[in-house]
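Questions regarding the structure given below will be posed in turn.
By written order: A, B and C. Residues from 1 in each chain.
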Amino acid sequence: MLEAIFFLPLLTGLLTLCLPVRSGRVVLMAVALLHLGLTGFCWLHAPAPHLPTYFGNGPAGVLVLLVISFIFVCIAPYSIFYMREQEMRSEPIFLGCMQLFLGTMSMAALADHPIVLWIAIEATTLASAPLIFINRSKKALEATWKYVLICSVGIALALLGFFFITLALDRAGIDVPLTFSALNEAARQLDPLWLRTGFIFVLIGFGTKMGLAPMHTWLPDAHSEAPSPASALLSGALLNCAFLGIYKVHCLMVLAGLGEFSGSLLIGFGLLSIAVAGIFILNQPDYKRMLAYSSIENMGVIALGIGVGGLGLYGAMLHLIHHSLLKSSLFLSAGNLVLGFGTKLVAQCGGMARLLPRTCLGFFAGFLGISGLPPFGIFVSELMILTGAIQTGHPIAAGLFIAALVLVVAGFARIATDMAFGPVREEVLVPEQTVRIVPPLALLATSVLLCVWMPEPLYETITSTIAMIGGTLHG
Amino acid sequence: MNTGIDVVLVVILLSVLLSLASSRMMALVKIMALQGAMVSIAPLLLDEHSPLSNEGILFFQLMFLIKAALIPGLLYLAVTKVAIKREVEPIVGYHASLVVGLGLILLSAYITHHLGISLTGDAALLLIAAITTLGGGLFLMMSRTKAITQVIGYLMLENGIYLVGTALTGQSHSIYLVEFGVLLDLLVGVMIMGIILHNINRTFDDVDTAYLGQLKD
Amino acid sequence: MESVLSFGLALVLAPLFPGIILKVKALFAGKQGPPLLIKYWTLAKLLRKGSVYSTSTSFVFRLGPLVACATAIAALLFFPFAGKAPLVSFHGDVIVLFYLLGLGRFFTIAAALDTGSPFEGMGAAREAFFGTLAEAAIFAVLILFFRLNGSLILAGYFTGNQPIAIAGPQGALLILAVVALFMLLLAENSRVPVDDPATHLELTMIHEVMILDHSGPDLALIELGAFYKLFLYAALIASLLKPAGLAGPFAGTLAFYALMAVVYVAIGITESLTARLKMNMVPKYILTSFALVFFAIILTVEIA
């Protein structure tokens, strides 16, 4: 039953590849809604997996699944209308690959077996590469090539990491099935040397996919060259899946008593990502690239939060949710901007407030949110991570974190002012359209809503996600 | 000492070194075919795998077909049909590449020594060969300009991972785990197909990653 | 007595084998090819003729062919053909052996420079450069053998209880050594991927261009020296390939010469199938052989 969540989009995705465009669009929308429905069912009834050796509905997995599903529902209608403006030659491929992408990501979220998780994440690369190349321009080719190649190498290293973890199991001489749940129970008996080696490789491997610096180089290219709905999905959903892979192995490390080691690695990579992203945001002429670097920064924040532990864990999970909501909203707004102005350069987007007022509203609200200002959720989550860092005795990390955040905010502020006061343009190419305005605003509204009112099941899932490795809301 | 596996491993090392030094695309493709064949039969020669089930035999045949015939065949197609220039065009010269190869084997011998574990039987040389192949693949990816050479580098990296898998997880989970390495081959296949299809479309003149340098900060 | 006989046999048979190469190449080209004994006829023809000396040359020019041939023969003295004890053998003779060959090379080069011809100077420069590179690889091979066997006597490598051979306990490593030695053989003896003995353009020559001015008996001596040098390298490879257990005096010798024939056929096939390397690719080629041996050396550390 649980498996239906990812089988459905995989099947319909393959189907859509051969359907005409119109019915393809209908299928996409239907699948998005159905997927959300199934996810809701999964939350309420927690159906047992059909293949318990491979899949499971752990709290971290269903949390990521919900985020993916919700974002996809918002992106699906947007992308249909976005694609109509683009007059794409190969729209069936786009529609089909969107669903395949959703399916592989759901599979990654629900995987309990390390190798299944690995296969699912590799499959996301394959399913999303056509989305990036859909424009068939020279730049899109470059971005796709980098994406496929760098991520493949990263994923290959992650497989090596899983080999090492299996070796840790073999050398301990215990016979348990190779699933994360079973490994977690036997964590104390695993061979620590190989577990550490395995973690390093998994961190580097999935860190590549997650966009942690210095393995992030594919990310800005892929996110800026993909059509905006695909960028929103890449940034809001895919990065979370890769993060989930790292998180699961980190849990294993903590349970094996090696949390100190894996935590400090996560803190290191996290801080480096925030700093690198901050530096590149500061003088970024291209707003989609800027958003991509902001994703790197936020992934760094999440890694930092997980690394420091305690309250930071809760903050990191919250950050994951809010970052996905805000960043996909921003990419959707950016898509409207690309349609309207036909450029990705900040300097040529003057007069946005007059020509595209509603997009402007969404874009700047998103900017505020992603910079960590209230009433958006990132304010709360970053505050929690900061508090967590200080509580758990990482004052230096906290200091660096603040400094890097200042850089990021400065970069955002510069871009916002450039866009507001740039040379005013006379007309837009494609005017605003309500169907393309509502989804980003809905995503923003959800973030605000979650800030003031957290539904009970969501709260419980987050706490049970982090309770396993000793995180609580009360520090 | 089991001589069969040693011969295979030495030939794998030989192929790594020759691939670093080869200046012709065709030679590189042939070397990769040899390496693929050797890598796919290596697990069969290890002692611990000797009693093979029917599925096991089938799997190794499949592996051999993919690694030694299918993928080199695709590469061959890519090089001949797609009019890729015959020269390899390295960023790092051949002499330096060879020296790097020497460094790699020193490094992998060092790593194998200092892992401080008693690996079963022939695994010492196996691990050296595996790490060298892995590193050689990575280096090839970084130091050659052509897209197809990068794919070949990835293929080599993947061969190395497959070898590490066979070297390390020799016991209960081994066959089961390593089988998934085939999926990496799938990825390679997809990349090569990408290059072929892409060039048939004639969108661009030459798949040289040196031309892929527009996106940067 | 056995040693003298085997040495004599080697001296007599050495010019036979290059005929095999010519035959193989001809067969690949779809021709019938010269008779196998062609090189003997060539030598006989050259020895019957007189020599012409340029007035600008000195005694160095006349010395070159003599020394080249003499050193090659002297080097053969150390070699245990088919596992028989060699005529001369002492501690460290492997080093002497390769420097004897180096001496021969030096005099060939000196003779070439002595003519004052620009072409010959060019060939000499190339020969000196590639020879220097190959020397590193050869000594790497010697280090490998030393590690495997602990001996510095050429005879010690291939005779005794633990001969170095593919069939032996560390045979797998020797695959690398055999490939490297074969590459070196081609490089050192001016065979195809490095030099083309059949070329007709001075600009592309290495070894042949140095001996353009030699004629008659001098040329015969140079040719003979080249045959012996090639014979020595081929014998090294054949000794490595020799299967264990063929200890009988007759069977052992027969097996050895059969393997020699195999090596020469391999040279012929290589020459037929490969094209010459660009001149600037030759160092890479030699370095590759060095790297192969280096791999093997590292692996001896690991396995031992």
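Structural remarks
As a convention for this text, a contact is a pair of C-beta atoms (placed from the backbone, for glycine too) under 8 Å apart; a residue touches a chain by one contact, two chains touch by 3 or more.
If you're wondering where the values come from, they're calculated on a predicted model, not measured in any experiment.
Shared contact partners of chain B and chain C are absent. Put simply, the chain nearest the middle, going by average C-alpha positions, is B. No other pair of chains shares as many C-beta contacts as A-B.
Ranked by separation of Cα centres from chain B, the top chain is C.
Centre-to-centre separation of chain B and chain C, using mean CA positions: 35 Å.
Taking the mean of the C-alpha atoms as each chain's centre, chain A and chain C sit 65 Å apart. Separating the CA-averaged centres of chain A and chain B is a span of 32 Å. Chain C has no residue in contact with two or more other chains.
By the touch criterion stated above, chain B contacts chain C in their complex at residues 1, 3, 6-7, 9-11, 13-14, 17-18, 21, 23, 94-95, 98, 101-102, 105-106, 109, 112-113, 124-125, 128. Remark: chain A residues 115, 118-119, 122, 125-126, 136, 138-139, 141-143, 145-146, 148-149, 152-153, 155-156, 159-160, 162-164, 166-167, 169-171, 175, 178, 193, 220-221, 224-225, 280, 284, 289 touch chain B in the complex.
Those residues of chain C whose C-beta lies close enough to touch chain B in the complex are 169, 171-173, 175-176, 179, 281, 283-285, 287-288, 291-292, 294-296, 298-299, 301-303.
Remark: chain B residues 116-117, 134, 138, 141, 147, 150, 154, 157-158, 161, 164-165, 168-173, 177, 180-181, 183-184, 187, 190-191, 194, 198, 203-204, 209, 212-215, 217 touch chain A in the complex.
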